[in-house]
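Two complexes, one shared chain (chain A), two partners (chain B, chain C).
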Partner chain A sequence: MNATYISALELAAGAVLLSAVMTLWRRSVRSIVSMLSLQGISLSAVAIVLALHEHEHALLVTGCLVFVVKGLVVPALLRRVSRLDPRSRESRPLVNVPASLVFAAVLIVLAYVVGTRITALSATSATHLAPLGLATVLVGYFMLVTRRRAVSKIVGLILVDNGIALVTFLLTSGVPLIVELGSSLDVLLVVVVLQFLMVSMRHHSDTDRLTEMKALHD
Partner chain B sequence: MMATTASVSVSVYEGAATLIQLVLVALGGPLLVGLMAKVKARAEGRVGAPIVQPLRDLRKLLTKERLHARHASVVLPLAPMVILASSVMAVAISPLVSTHPLLGSSADILVIVYLLLTGSAAAALAGLDAGTAFGGMGSSRAMTIGALAEPALLVAVIALSIQSGTSNLPGIMVSTLAHPDWVLGPSRLLALGALLIVVIAETGRIPVDNPSTHLELTMVHEAMILEYAGPELALVSLGEAMRLGLLFSLLANLFVPWGIATHPTAASIVLGTAFLALKAVLVALGVALIEVRSAKLRLFRLPELLAGGFVLSVLAVVTGLVTR
Partner chain C sequence: MLIVAILVIPLAMTIVAASFAWRPWIGWASASSCAAFLGLGIWLSVTTLSAPQWALHHSFRADSLSAFMVVVIGTVSLLATLFTPRTMGQEIASGVTTARYARHYVVLMQVFITCMLTAVLTANLGVLWVSIEATTIATTFLVSHRRTDGAFEASWKYVILCSVGIALAFLGTVLIYYAQLHAGGTVHSSSLDWTSVMSVAHHLDPNVTRLAFALLVVGYGTKVGLVPMHSWLPDAHSQAPAPVSALMSGVLLTVAFYGLLRFRAVAVAALGPAFPRALLLVVGVASLLLATLMLIAQRDLKRMLAYSSIEHMGLLAIGGAVGTPLAIAAVLLHILGHGITKAVLFLSSGEIYHLEGTTEIAKISGLLARRPTLAGIFGFGLLSLVALPPFSLFVSELTMARAEVDAGLWWVVAISLVCLSVIFAALTRHARHMLMGAGPGDATPSTLRASVAVPLITALVICVALGIVSWPLQSLLTHAAQGVMP
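Moving on to the complex of A and B:
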């Protein structure tokens, strides 16, 4: 039982980080969004495995909530946005793909070096995995600053949020349900608002590359 | 006296295992190449050449006369022997049929990597030797791909050896047999992904190189060996096929070592041989399916694929350290 619990937890936490890296690797928005969906599902798996092991019903509800919001609803919304856009590829990232993958490797090692110092303070089989969440946060920030398209920036933001959620699940066995509810709905709201914003951006200026917008005009 | 006879019979079995895996890979490597060509042909709706065609080609090439380019130096006739010898050496010491081949204690994973690298370097020098434009282009491309695949390979290997505490191949396999739960751990799966990319790059299969084309814009490996004919081409092809057989078998045995012979008995070696053949065929079928489903990448997109392999292997190391 205990061995299965640990390996299921390791597998799910590993999948969260792997899907974060895969979003840097793939170019088409469609496959980036499916990676994001995979990440949401693995994140909910982490929560559910923890909840089953520690018999916490609130965490179980949180896990199901994460599954619905981050695994299904947010990716579906993003897919709708990308369907509106005929040119659904990240055209020119500021840092090219091989370089950003190598950078991601550096960030992951950094997260490991820093994260293990923190997790050594209270070592259980769950807290050991917290550096993976930290690495997901760093990869998310990297995506936020190096990608031009609005969809990619939203994806970067969600990566950061998922990474923070992973760290909280692993270190504290989950925040109170009401807080997780708030943050999940926050992300959903952000995605919806950005979706409206992007549609109107494209309507006004025929592009959604944020760097190309230098000035405001009416 | 008892102890001496026991150790003699043990080394007989070790020698038998080495001999079996040499013969198996020398015959099986070309057969795997033929099998993959057959699968691809069937998937494309063609009948395709029979699976034994690469072996027939080898026999045909061996009876032809030796021909050299006019300006070639001693490197050109020497390189096929180096390519074949490095493959034979790597096959002989690797744990394929048994975890204890005759020289198994020297089968450090770094030794295998650099034996295979010796073969690649010889092929690249041979490509440059005749002084043709295609040969030089092929060598340059092959070395570029090799240099990009090497870091991913080494880091993935580190991930495997961190878990087992040894970089000796038989040691890694024995410790995996003792801990079946490692196989589905995140570190192993990530290292598997990285090694699969590296193996595809090293054997020159489709997303990286197309072995069945002689189109000058895209060929990599074929451009390098363009100057070879007759028996020397046979040696090069056999060396490359053995290398493919070795890499596929190692990939299978490192991640699913079950079935490999661990005891010096005849029954266990026979079983190990059967399992090795089965696993190598399954890996070949998997790679052939990847080939069918994907298009060859542009040369300038290759760094993306290989950098992906590298970051997968870094992830494997970090998750291995975190979950230890």
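Moving on to the complex of A and C:
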């Protein structure tokens, strides 16, 4: 039982980071969104495995919520955006794909260096995996900084958020339910807001020029 | 009861505004709802002087600090919403917006105000995060209200930067919770309640708390507008309608700062004063320096006011870094004075934009001869902003300087003094051009409507009154400052 629990947890948490790295590798929005969907589902698997192991009902509810919001709804919203905008393929990232993957490896090492100081407080099989979440956060930031397209920036934001959720589950078995509900709703709303902005900007002018954020300055 | 009423009033107003088509009376109703909860907020501050108040099974908690923030939110919201009928009337008349978007505007303003009130009244540090994040969503649409390219760019930048920043604050909150779960080796409490966190704050793991507080400073610092995550602020404040800028600059920034004040108390209890002080000093001084540089050669009126907000937030961070009861009391007085002053300035700059059709400083001149009342209000507002006596910002800055000297931070006082003098010179130069420069032709002086002039002049009089006699607030401020002492 215990061995199965640990390997299931490791598999799910590893899949979260793996799908984050895959989003750096893939270019087409369709496959990036599939990776995000996989990430959301793995994240909910982490929560559910933990909940079953520790008999936490609130965490089970959270896991199902994460499955719906991050596994299904958010990817569906992004798919709609990419259908609306055929040019949403990331054609010219600031850092090319092979270099991005090398950077990702460096970020993962960095996450482990920082992470060990946190996990030292309580050494369980779950907290040992927390650096995977930190690494996902860092990969998300990297994506936000180096990708120009609006869709890629939204993807980066979602990666950051999923990474934080993974850290939350592994370290604390989830924050109180009300906070978890609030933060999931917020993520959903932010994605809706961003989608709305992208769509309205397309009616006005060149989205990319706006999302590169060059017009307003001192 | 009082707490519930304060939250229900703006919520009910949201529902009213959502269910009727835009009419000017809705604007007046939303202003009266702000006046109502401001009144209740003052009452709440009196009751919290004896003991903190709780509501709804300990979900909400108000100590003097929360009550004081309710008063600040109420005052600035009242000023900003008093301008709703006028701003929307002008925008509909000039075709900038339609009745449909005017309705959205009123609803979003109410949601925005409700979120801020929830943030300061909740007992739970996690719900505090949720409420502050929710303000981002409401204000994004308010920033893009005018639907121009600039407005869309500003709101895009705002929502991306603030979501990323505030995500860091969430990670920080989670780490505090993790440290709390393992404080003293036992599971002490499984909630993020302020009182239960504070009860174990001395036993939090230093390594985890240090990382958590750094994340919280950068995260909430994004919403406060502190360096290095400040770059959304000038764009959002210059593109939003004037009452929205007034609310964002006047209270939203300081509501996020309120979050930092709470977590500073936790961090000081766990780590001792040195680390939180160093961190807040770095971001505070950096913000002050950056704002000074950007203000010298500023060309746009609203961006000038936005950078001045970064300056004042830097001063608040420095005051928070010092962290003595005197410094925190001065910080709180500064929050109120800055809120009112900035609201007056943004609202009058909205009038200037309406009359002159531009916010470029170079294109505005000779206001004093052509529009004496408006120019007078704007001029006195700037005098208050650069903290001349007898305005209340003078008192709060002086008190902060005294607290810094008491704490032995001479170099901070020196840097602040240099920055504030440069800012004084820069703002007076801009103001002299706008108010006294040679105006275009010999236009006859026009008067300002009383509905515009009276609220703004009253607000400035309040700033003066707070600067001369602080006694109505003194006990509240010291009591509130005690509340965030570790």
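Note that the second predicted complex is superposed on the first by the 208 of 218 C-alpha atoms of A that agree within 3 Å, B and C clash if a C-alpha of one lies under 4 Å from a C-alpha of the other, contacts with A are read in each partner's own complex, and residues count from 1 in each chain.
Here is the rule we go by: a contact is a pair of C-beta atoms (placed from the backbone, for glycine too) under 8 Å apart; a residue touches a chain by one contact, two chains touch by 3 or more.
Values in this document were obtained by computation on a predicted structure and should not be read as measured data.
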Following the superposition defined at the top, how do chain B and chain C come out on chain A, clash or fit? fit
Superposed angle chain B/chain A/chain C, CA centres, nearest 10 degrees, is 150
When the two structures are laid over each other on chain A, which of chain B and chain C touches more residues of chain A? C
Who does A:Leu157 touch here: chain B (first), chain C (second), both, or neither? second
According to the stated criteria, A:Val193 is in contact with first (chain B), second (chain C), both, or neither; which is it? second
Taking the superposition on A as described, I'd like to know which of chain B and chain C A:Ser183 touches: first, second, both or neither. second
Does the superposition put A:Ser7 against chain B (first), chain C (second), both, or neither? first
Please indicate which partner A:Ile32 is in contact with in the superposed arrangement: first for chain B, second for chain C, both, or neither. neither
Based on the superposed arrangement, let me know which partner A:Ala45 touches: chain B (first), chain C (second), both, or neither? neither
By how many Å are the closest C-alpha atoms of chain B and chain C apart after the superposition? 19
List the residues of chain A that touch chain B in one complex and chain C in the other. none
For the chain A and chain B complex, residues of the former touching the latter: 3, 7, 10-11, 13-15, 17-18, 21, 25, 97-99, 101-102, 104-105, 108-109, 111-112, 116, 128-129, 131-132, 135
Interfacial residue positions of chain C with respect to chain A in the complex: 124, 126-127, 129-130, 133-134, 136-137, 140-141, 144, 147-150, 152-157, 159-160, 163-164, 167, 170-171, 173-175, 177-179, 181-182, 190-192, 205, 207-208, 211, 234-235, 238-239, 294, 298-299, 303
What does chain B use to touch chain A in their complex? 181, 184-187, 189-190, 303-304, 306-308, 310-312, 314-315, 318-319, 321-323
Touching residues on chain A, where the partner in the complex is chain C: 114, 117-118, 120-122, 137, 141, 144, 150, 153, 157, 160-161, 164, 167-168, 171-172, 175-176, 178-179, 182-183, 186, 189-190, 193-194, 197, 200-201, 204-205, 210-211, 213, 215-216, 218
